[in-house]
Each structure stands twice: as C-alpha cells, then as structure tokens.
C-alpha cells in the first residue's frame, strides 16, 4: 500500500522528534541527581553586567526589527510558490516560465522598492 | 403651434429658469423682469389654450404622445393632454403664479435663486395638470417638491427649516404612497390586459373592463383606491394628514404661500378626481361615505381650529383646510353639480386663498405682526388694503356674487341631491357641512372685525397704503373671483362635459 | 517490526551526532588553535581528546539556575524547542544510496521548514530570560537568521529547478546521471548558500547575536548548566545538518570514486564544510550589523533571484 | 482510515476558537493571531477534502497555498498597521481604540 | 482546455493595467518617495482609461481561460464601472494629496491601481481561487489605503479595524468555500453551479451552512446589516478619497463577486437563500437610513448612506427575476451609484479639506462659497435620495419595479419608505448649503480644474441617465450577461 510507505516515512520524523524531546528531558532529570541546588536571591537575579537590574527588560524594539520581520514574511511566503513552480518547471514549459518570471520580476520590484525606501538600511 | 402648445407651456418656465441662471446675481431687476415676462407669457399661452378649448367636445384635447423611455418590460411615454378638468386649473396656475411673482418683488435676498425655483415650480405644477401618463404625473408631482422645499427653507419665516422639512417629508411620504400605488396599478393592469402601460386612459379602460375579475378583484381595487386617496389626501390635505400645512403656509414667504394654497393643494384634489375617481369610479362610489365624512371632518376641524388661532396667517391656513373639505364633500356626492362644485371650489379657492395670503403678507410687511389682537383699525390706517382683505374674506365666506358662493352652492346642491345608494346620510352630511360654513363665517368675520375695524393702534397711523404694484395681484385675484361669481358659466362651460363623462362611468 | 528499526536508526544517529558534536567542538578548537599557532586543548587525554567530554561533565553538574524574573515555562521550553528541530532534520538526510531514514518526497522543504523552528527557540530563550542582553541578542539573532533564510531558501530553488524533485536521493541520483556535481552548474547558488549558511548558523564572521564584547553572551546569557548545553548542542547539530545539506545539494552526496563506500565520501565532504566554518572563524573579523543586514538583502537575495531566473531559462531552453 | 469528518471537526474547533478569540480578546496582536487560526482551520478543511474527501483531488492543496500566502500578506499588513497604531496611541488594546464612535 | 493552450489575450486589460501600475510604482520610487507628484495621478488616470478601452475591445466575444477567468458582458460592465470609478477617485485624490503633503503620493496611486486590478480580477473570476486572490488583492490594498495617514490616529485606528474585520470576513468566506470545494471536488464556479442542485438534495445542511458562511463574509465586504459595523468607523477614519474608493469601487466589486457567486454557483438553490437575502436587504435599508439620521460627521453619514444603498442593491438579487434582468437593474443602479456617490465625495473632499473638519457644519453656506459645487452636490444628494429626475431615481424605480415583478412587494415598500427617511439627512446637507450662512473663516472655494471637470461629468451623467435611462437600459437588455 503506497500510503503505508508514505506514512512510514513520517514515522521516522515522529520518532526523531520524540527522541529529540527525550534527550533534554532525560539529561536534565539525570543532571538533577548530580548537580547542587543552592539558590538565593542574589544568584537568581537577572544579570546586568554586575549592577542592579533596572526596569523591565521586555522593552520596545527598534522599528527596523519589525520591518525586517515583515519583509521576511513577504519574501518567505513568496518562496512557497517558487518551490512547486521550480519542481514542475520541466513540464510547464514556456508558459510556466513566463509566469514564474513575471512573479520573480514583481518580487524583485518589491525588493527594489524597499531598497529605495531605505527599509533595508540598518539604523 | 397649437399641436405642441401644451409642451411649450410646460417647459417655457424651465427655459425662463435657464435664462435667469445666466444673469449675474446683481441684476435683480433684470431677473425680476425675466421671471415676470416668462410667467406672463405662460399666462398668455394658457389663455390661448383656454380660447381654443373646444367646450363642446368630450375627451382630451391638445393631446400629444411621444415614446420616452423603453426599458423592455417598462415603457414610459410622454403623454399629455387636457380636458375640462385640467383646463381651468391650468389657467389658475398661470394666473396665480404670475400674480405671485408680482407679489414677490419685495424679496431682496437671493433673488436669482428665488425666481429659478419659482420657474421650476411652475413647470412642475403645469406638468401635473397636463400629464396623462401616471409616471409622468408622478415626476411632475415630485418636481414641485424640491423648489417648494427651498423656497420655504430659504425665504421663510422663523421656523422655516422645521417647516420645510415637515413639508418635504409629509409630501414625500404622500408621493411614495402614490408611487407604490401607481406601480401596483401598472402591474395589475399589465396582468389583466397583457399590455404594460402607465397611461391613465388605457388603465381606466382596463380597470373598467369587467372581464378582468380574477386579477382586479374588488379587494385589490379597493386597496388601490384607498392608497391613492391617502396619497392625494396628504397634498389636499385631508385630516389627519394635514399637519404639514399650517407650518408650511405660515413660514413660507407670501408668494410661496399664494402658490402653495392657490395651486399646490389643488394638485391633490385634481389627482383624486383624475386618477382616483377616473380609474376607480366604482370604488370611489363605494367609499363615498368615507370621503364625505372626511370632508365634513375637514370642514369642521379646520374651522374650529381657525377659530382659536391668534395668528392671522395661521387662521388663513386653517381656513384652507376647511375649504378643501368642501371639495371632498362635493366629490363624494357623485352628482353633476357636486362634482362641479368641487372643481369650482378648487379654482375659486385658488384665487381667494392666494388673495388672502397676499393680503396677510402685505399687512405683515407694514405692521410687522400677524397677531390678530395686535392689529386693529386697519381700515383707518390702510383703507385700501383693509378693503381688499375684507373682500377676500367675504369671498372666502361665500358671499353671493363671489366665486366662493358658487362653488359652495353647487357642492351643497350636489350633496342634497346625492343618491342614497351612493351616499347614505347625505342630508346629515350636508347639514353638518353647512354648520362648518357658518363657522367659517364666524371666524373670518370675527377676525376681520378685530383687524380692520375697531380702534386704530397709534403705531399704525403712518403706514403706507397699497403700492401701485400691489394693485395688480389684488385686483387680478379679486377680479377672477368676481368673474366666476357673477358669470359661473365661463367655468362650467368648460367643466360640464368632463364632469358628465366622469359621472357616466359611475353608471348613475 | 519496522518501528524497532526506525527507533534503532534514530538512536544510533543520535549517538553518532552527540559524538560528532563532541569532536566537532574539539576539532574546532584544535583547528583554530593551530591556525593561531597555539596547540589548543591538550591536557585531557591524548591531544586533548577528552576535553569536550570533561566540559560536558562539568555542565552536567553545574547548578541549574532559573532567574526569578524569568518567564519560567518558556525558559524551560526554549532549549528543547531549539534542539528538537535541529535533530529532527536528520530524519531525512540520505547518507548513502542505501542508508537513509525517511525518504520524504519533500525532503528539502522539510529541511527548511523544520530548521526554521530553531529560531523560535532562540527567541523564546531571549525573551523569557527577562534580561536586556538576552533579549537584544535574541532579536538580533532572529533578525539575522530570518534575513539570511531567504537567500538560503532561494539558492536551493536553482537546484530544485534542475532536478525537478525535492527528494534528497533524487537530487544525488540526478547528479550521478548528469555526471557532474551541481556545484558546477549552480556555482552562484553555491556561493549564496555558503554565505547565508554561515549567517544562519550565527557563526563568525556573522556571530553578532553572541557578540561577547557587546551583549555578554547573547540570548543564552541567563542559561547555565545543561540548558546552556542544549543551545550549544543545537547549534552544532544544525551546523552538521547544513553541511549535510550542502553536501547533498552541491557536492553530489555520497558520490565519489568507488574505492571508498558512499557514506565515507559523504562524511568526508561534510567534514570539509565543517572545517570551512572553523577556518572562517579563525580568519575573519566580526561584521558590522548594518553591513550584515544590508549584505543579505541587497546582494544575496538579488543574486539568488538572478540564479533562479538563469537556471529556469536554461532548463526550459534545454527542454 | 481516518474519516474526513474528524478533520472537519478539528477545522471547526479551530475556527470557533479563532472566532472566540477575535470576539473576546483585547490585545490586538492576539486578535490577529486568532484570525490566522481561523484561516488555518480553512486549510485543514481544504487539505482534508483534498486527500480523503468525496472528490479528492489536488485543487484543494493549491487552494491552501493561496490561503497561506494571503493569510501571510494580511498578517504582514495587519502588523504594519498595528505598529503605526502603537506609535500613535501607545496602546494596542482593542477596547481603547474608540476615537471612532457615533 | 488547460491553461497552456488558453487564449490569454482575454486577460489583456488586466495584464496591461498590472504593467502600468508597476510602471507607476517604479517611477514613484525611482523619483524619490516623498514630494508632490501630480503627474503620477495623471498617469494613473491615463492608465485606467487605456485599460477601459482595452476592456471594451477585448470583450467583443465572451470567453474564458481554463474556466478560471471569464470574460463576459457582466465582467465588462463591472470593469468599466470600476475603472471609471477609480479614475474619479484618483481625481479626488489629486486634490486631497495636494492638501495633505504628508502622504506618500506615488504609493497611494499605485496601491489604488493594484486594488483596481484586484477588483477587476474579482468580477472576472469563475473560480474560487481566482476569486479569492482578487478579493484579497483588493482588500489588502484597501487596508493599507485606509491607514494611509499613518500619523493620524483616526486613520490607523480605521485601518486596524478594517484589517481585523476584513480578515474575519475572509476567513468566513474561505470556510464556506472549503465545504463547497469538498462537496463538489472543484473550485470552478460554473461546475459548482452545475452540480449543486443535485448535491443539495443529498447534503442540504452542509451546503446551507457553506452558503451562510459565505454570506456572512460577503456581507462584511459589501457592508449589509448586520455585518456593517466596521463601515462607519473605517469610512470616518480613512482619508476621504479612500472612503470614496471603499464606498464605491470596493463595494461594487464585492457586489459583483456576490452576484456571480449567488447567481451562478448558488443559482440552482435560489429558493433557499432569496428570502434570507431579502431580509438582510430590508434590515440594511432600514437600519442604514435610520442611523444615518443621527450622524453629524459627513463621512460617517455617507457611510450609513452607503450601507443603505447596498441594501437597495441587494433587492434585485433577492427577487425572482431572470439573471439578465437582475443584472440590468443592478448595473444601471451601479452606474448611477458611482456617479452620484463619487460626485458627492468630490464635493465633500473639497469642502472638508478647506474647512479642516468633517462636521456637516463645514457645508454651511456652500452656495455662497461655490455655487457650482453646491448645485452639483444638490444634484448628487437628490439623486441619492431617489428623487426625479436623476439617475438615482430611475435606478430606484427600476429596482422597485423589479421587486414588484419578482413578487416582493413588501420589500419594495420598505425600500420606498426608507427612501423617505433618507430625505431627512440628504436634505439636511442641502439645508446646510443653502439655508445657513457660511462659517466665520470660510472663503470662496476655488476647486481645481480637474475636480470641476470630474464633478461636471458626474452631474451630467446623473442628469442624463435621469432623463434618458432608456438608452442605457436598452443596451443592457440586449445583453446575455453571463458566460
């Protein structure tokens, strides 16, 4: 049964993931037996180069980070389309090529736009 | 020339409006002259029509039919024509409007707009009286709405905005009901005859055809007729749809009040006779009692309220309501004289109420008050104005020799002669209506007594009397009233055959 | 029955990876040491072979500190989230013609998809620590990783166009078929891939998120003991994975002269890449953050797009 | 074989959770996330139909690709607007966005 | 027929518009982002006109691309309406942007063009996927446009509300679509329409649910009650030309979508949804008109007015008529709606930008300040109110007659009754213009030539269609609307 093979492959994936979880859990549990445990306030305080931590650390980020995130979302999702296209290009022929090139051209235009708008400049 | 004369008449004022539009604001006198000239030409044309009207022929004259809009299942025609019913009203419209324009020379602000709107209004009113296609009728009916809204709203008195909106919404609602009814009639007609038309004449035939009982059941006809009645009742106005009228009349500028009372109300009565009775004669007779009772209520209610008014213009406004009741009673009698009385009343009230409003306006212009108790002794300070006011009041009361008398007399003859099948309690109704007439005499005479006679207030001593220009509307309107009063044949000549036509449908 | 084999395969691979990471770290320290003309670790065991093991033991016995200000649940979860995907990637790597785990038809996509989850672990770690350095480090790290992920992903598309499949084995078979490693027709893609891979791995010269001089230790400042170890482990496992991917995509996977078995060729090529990473670290200074971001967006992405266009045209042209 | 109804139920549950979140949450980022959840429930439906539906074919998966993309685009725009909003108002609490009321 | 041997030339207008939009976009960022760029506005208008010409030229024959993209009379008329509408919106924008220099002009125009493209794809699509892509292209561009004044608190708030509710609406539409796909195994609207009748006997509940979900989503997009809550907020906050765009182009395009979806895909189960739509239409007309009465902000007022107008537009869809007649009615009203609403928005933009506030009182004494604009506005408002002799009047008459023909007299009566209610607020503005004195600091308005020309065109068409509706309707009646 073809579906069987198909799913077997994913059983690999699941096993790997479970093992991946098991290792840190096991190691940390095992480590508990070995390691000392002597917490006190000073030790548990946040590290801030030795001085008293000041204010909340979860501060606002510079807006550039958001913009990078947005750019990423756009371009990353665009690649979602490029993968199937790339795979099937052999059969799609010229029609497929034209479509893809238009797509990439628009993508490139978007990139040029953000470039020109200085979104890509850090600071 | 004669063939297209109605079209010319209807759209002439519109052309005048366009001409005025091109004149700069500052040239007030030029604008006034154009408006006057236009209205006078319109008057002239209407008189030509009057002269050429074949008094002996039944049916429509000067008819014209042009296909206008064709939307597949919906054909609209530009179908116009007049008969004895619309002829007098056409002349009434041109006369009152022309005289109202004379009366409006005192308006100084935004003259251009005023005359543009007046001209548009004139087109609308004339259109209503000549339209034979119901859709066209509706269009013209609506066309009167916007100009009047503006005229009341811009040039009106203190409460002008309230009054204009009340006018807009009431009459708008009336139009909506009318429109819905028209469309339903259109569909029912199409269902019955297979031919989709808005033509009043064709529809009248379709609806009169007894071969269409399944589609046009008595219930459907009754509903349609009542809906039409409500629609026109707003305009006429019939109690309880009358509340817009006092506001609108009181707040409107003199000229607009004249047109409003003189012509606009007549559109309601005209519509009722033309479409309501014309297409649903059987239903009209069926509801004759209802119409008559409403008419009586109108008469009494209007008169009673007029009795307690302190504001002269308001009093005149309520007298209009009262007088319109007579139209209803006249129609409800379904006799030749009753119907004639109704039409006579429409015309005669057009002249008289216009005159009354003009007089009130003229007095107000001088004394700056309309409160009855503050006036007094006007006959001493402004004898000519007081005289004409008195004459107008007398005409309104129905003094013999004036038009009011003729119409009331005809209506009463009609009521008392009505067949018992159609109008059961005719005599009672007649008597109660008669009481209403007495009340009319009471409030008008009382008001006259308090305003024109009595001791003269010192502050009114130096008031100027009628200006030459004011003589034109005064004499004109009173003249027509007297003319009809002493020579009613001039009108009944024209009306007669049409009235008989209408009555013949009732099968009486 | 199958399941047992699968588990066995996974366990063996895990063991191998742990060993590989252990010695990769040693390898790195040695390589850099020699390059800087010093011996590197040499006290524990012959040539310092036991150095990393000692380090691991030390980490295992370190006290486990979770700062009071930290968001405890996320803090505990973060290293696991960072490690699991980097290990799960290996489920699909084909070591040789016959040694492979999941033979996924979407292998490359799986690789890319799973590997980007690691970023989440980094972000969670940085954020949950409630420490300014950690947060800044994490944010910077994420910004860098996602910026370079795009050219990385785009560069692979060139290969996909040529091969017409996302399966790792198909990719290698294709190279066998045309008798050429894809590094030759896809040289541009290879360059883009290499550079973005370095940034993806947060390795020098793009190791800004961990810039000790500026941010103490980046996102894992507050992590200690084995929690810290798992971040490090994830990093190295990921480095191996990227090397394995590069090997498959560009260097013909297990292909090589027949005197050595395929898997050995594969591992050798992987080691070459590993060495390359370490070499760079010893050689190049750290890049400036604005240069870094600008480079990715303004140079690598256009280059990758250009590569796709050229490859696509050639592919269709050739039929 | 897993019946398609189970996937549909999962989709429905996700959709409801998303809708509930949109309606009740005050933090606008979470609201946006909930919208994503709703869109993903659609994806589950489509994929389920596409693989084990009564008329299983590839179209559903293609549709899913588009949904994912457009969801991402929408999220991107939503977040961008959110940033602008935050800069203007110093708050992304849904309840506090009340300049526009009648 | 597959996509490979399809007649792609059918898509010429869209492709050309895309290229031109990208060109404008490129020119914009190549010439620096900021600064006044009226030439881009002019270029955009020219692009739209070119596209409009192409739309007419390529629509001689009906055709389709792989059953995904359809070209028929329906698409043609809607595209023309959309293109003309956008051209008007851009004319308004050019004036607006001159007054608001903080807005990035080129982006504004190109976003408008992209949105237009989305709208065009929407009305031409015959596949759920294409349809959805078009819808989102339009929606996402609109979200950006709504928040275009990014330093303005109201604008960003409007945008975020729009994004959230738009997103939810999209989710609803998609959720409904997913079931439709699942049951039929296809996303082609024509095929769905063919299969649905039979399937409905089998799965009435699921199909009804799918339909309801889509109705909710589409209801949001065309802002019918009870899914209208976003519209007033978004309309008020958005820059005025964007409000115009949303209330006209966006709404009509979404409406085109609804029509194609309901007439073609759900046509075979008409009886199941027509009454529901009728109720929605009635609610929309009633609530839209009544709430509009209380509005003091002119854009908000136009929003409620737009909601009410959407109600009128739904009426023909809910009545039993042949699709061709339904379409004639809607198309006629659509044209009238574009002309009167955009004309009104042109005047509103002029007035509010000069006054610096959006209160209705900014219309005080407009007649003294610019008689032409006041008269034009009067024509538009009278048309919106549905009084003769204007395009709006005949549009309503047409709808009304359609409703009566279709046997929904009660709906027709509600329509007329609510029209009367609308007199209050439309004439309220007229009152401000004619019966109030101008505000203290208001000066004489000097509209730019382009705006005057646009308003003139709108007035002319509004009046012309009022006098001679037959010319257009005769043409429409000769159509076979759907492919």
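As written, the chains take the letters A, B, C, D and E, and residue 1 is the first residue of each chain.
To be clear about the criterion, contacts are C-beta pairs under 8 Å (C-beta built on N, C-alpha and C of every residue); 3 or more make two chains touch, one makes a residue touch a chain.
Treat the numbers as computed from the prediction; the structure is a model and nothing was measured.
Shared contact partners of chain B and chain E are absent; no chain touches both. Looking at chain D and chain E, the chains that touch each of them are A. Between A-E and A-C, more contacting C-beta pairs join the chains of A-C. Chain centroids computed from C-alpha atoms place E closest to the centre of all protein C-alpha atoms shown. Centre-to-centre spacing of chain A and chain E amounts to 40 Å, using the average Cα coordinate of each chain. If you average the Cα atoms of chain A and of chain C, the two centres end up 13 Å apart.
Chain A and chain D, compared by their mean Cα positions, are separated by 20 Å. Inter-chain spacing, taken between the CA centroids of chain C and chain D, is 32 Å. Of all residues in chain D, those touching 2 or more other chains are 73, 80, listed in ascending order. Residue positions of chain E touching 2 or more other chains: there are none. Residues of chain A in contact with at least two other chains: 69, 76, 93. All chain pairs that touch, listed by label, are A-C, A-D, A-E, B-E, D-E. By the touch criterion given at the top, residues 63, 66, 69-70, 73-74, 76-78, 80-81, 84 of chain A touch chain D in their complex.
Residue ranges on chain D touching chain A, taken from their complex, read 65, 68-69, 72-73, 75-76, 79-80, 83, 87. Chain E contributes residues 3-4, 22, 25-26, 29-30, 33 to its touches with chain A in the complex.
Contact residues on chain D toward chain E in their complex (touch as defined above): 4, 8, 11, 15, 18-19, 22, 28, 31-32, 35, 38-39, 41-42, 45-46, 48-49, 53-57, 59-60, 62-63, 66-67, 70, 73-74, 77-78, 80-82, 84-85, 88-89, 97, 99-102. Within the complex formed with chain C, the chain A residues making contact are 8-13, 15-17, 19-21, 23-25, 27-28, 30-32, 34-39, 41, 43-49, 53, 56-59, 61, 65, 68-69, 71-72, 75-76, 79, 82-83, 86-90, 93-94, 96-97, 100-101, 104, 107-108, 111, 114-115, 120-123.
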